Amino acid sequence: MGATRKQLQAMLDKSRFIRHYGFRVVRSGESGCTIELPHRPQLERPGGIVNGPALMAAADCAMWLAIRARIGIEKDALTSELNTAFLNAAKGGHVYCTARILKFGRRSIYGTAECHSKSGQIYSHHTVTYMPI
Amino acid sequence: MGATRKQLQAMLDKSRFIRHYGFRVVRSGESGCTIELPHRPQLERPGGIVNGPALMAAADCAMWLAIRARIGIEKDALTSELNTAFLNAAKGGHVYCTARILKFGRRSIYGTAECHSKSGQIYSHHTVTYMPI
Amino acid sequence: MGATRKQLQAMLDKSRFIRHYGFRVVRSGESGCTIELPHRPQLERPGGIVNGPALMAAADCAMWLAIRARIGIEKDALTSELNTAFLNAAKGGHVYCTARILKFGRRSIYGTAECHSKSGQIYSHHTVTYMPI
Amino acid sequence: MGATRKQLQAMLDKSRFIRHYGFRVVRSGESGCTIELPHRPQLERPGGIVNGPALMAAADCAMWLAIRARIGIEKDALTSELNTAFLNAAKGGHVYCTARILKFGRRSIYGTAECHSKSGQIYSHHTVTYMPI
């Protein structure tokens, strides 16, 4: 019923509005989803820091995939709220974002997402609410 | 001491990580700042809806400009928190985003931003916290 | 169909879990609702500052009343999210809280609330999401 | 340098504005802090659900203690932002709240708090920002 990593990646690659980030599905399962935001110079603010909107886009995307991994490719959900705290400058290297679902309700789905380095240093922390449609 | 609309637009045009949105400064002053996010097909999710990360980028940018309009081009501030609620689908036409500063503290700056249509229909509501650097 | 100020006050006075705050409905209407949190020494943190949870309770209550003013006494709604920024210390005198509904949807209701002094100085800013039940 | 569980409990017991909740420090350490909110009928909304402001007060308190456990009794910090999502009705029995610090910065301290049952069912999820003073 849920979607596989491969199906999620194919879905991402077809999504024009998100494709330019080049997100890659690293891992997906019942417990959540991790994606990679490949490093590119265009994502950097002065000082070589990955810009905030890119981290928020990653959080939104990682949660979207975590949900689709559960409900499958046929159904969908829309972001209703997304709260972000920027904790440490994301400098150099790829960024990873891991989303975890804390509540999967009939009317709303809520979870957290964290952007972090490969070694686990946290860049930003997010809470995300989606509504099934 | 503050920055003029022209100075803010020039600052935006030089910011590589944000330039691809093509933000235009519509109005800026003591009370806040309004920018325009010109409509482009690449911003659309399926269904012709402007994607959420673009609205969050607009909120972040509008508040950044509202702050720079006050403290000037020489000083800067970094986003520490940004909360978003998506209220209505942003369909067709340009998107406008209006930021207002509610507290300008020595240690943090807090305000709201709203993305809306030209005629005033609200698309998303944001609260934004910046830290002076 | 909606509820009057008098009906809202009667509803508050019967709500055991909230009664100890002594909230008073100052004004209610289509556009929103203002309540008063009467000053009492027990609400103060050291330094004579009204404690944060009291301001959050006021925000939650003011939005609840703004919704009931619209949907009436018979129907209800539950808080699903409440975000708070504490902006200035609430010192001395009664606290007022004004809630405004920005979106009244079938599945969720979203608005802002502000705690402030009688003269309008802002103490805290909140965004509140309710779900109709 | 930090504070012990016993010191934190003594500090709570002296805090008039919070004392009526009867919070009990269950566990505290470098990684965070867990408190208990003892069940009392006055905390219940109709339907026997612990009211939301009590959960927010618990989150605020648990994070405050997690910080004091680290910086000690002599220093203090003030809440600047507190975001809450109510996930499941808190029915019957005591409520526990566990706070974890994700970033301990010189200018701000950020973490999460979760209210849950003794057996681990989640009631509410919070993010909390404090500023050292």
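Some observations on this one:
Think of it as A, B, C and D in the order they're written, each chain with its own count starting at 1.
Everything below uses one rule, namely that a contact is a pair of C-beta atoms (placed from the backbone, for glycine too) under 8 Å apart; a residue touches a chain by one contact, two chains touch by 3 or more.
These figures come from a predicted structure and were not determined experimentally.
Two chain pairs, B-C and C-D, are weighed by contacting C-beta pairs, with C-D ahead.
Taking the mean of C-alpha positions as each chain's centre, the chain lying farthest from the centre of chain D is B.
The centroid of the Cα atoms in chain A and the matching centroid in chain C are 34 Å apart.
One finds 29 Å separating the Cα centroids of chain B and chain C.
Averaged Cα coordinates give chain C a centre that lies 22 Å from the centre of chain D.
The residues of chain D that reach two or more other chains are 80-81, 83, 85, 129, listed in rising order. Note for the complex: chain B touches chain A at residues 15-18, 20, 42-46, 51-53, 56-57, 60, 78-86.
Residues 83, 85, 87-88, 102-103, 105, 110, 112, 122, 125, 127, 129 of chain D are the ones that touch chain A when the two sit in their complex.
Listing the residues of chain B that touch chain D in their complex gives 80-81, 83, 107-108, 129, 131.
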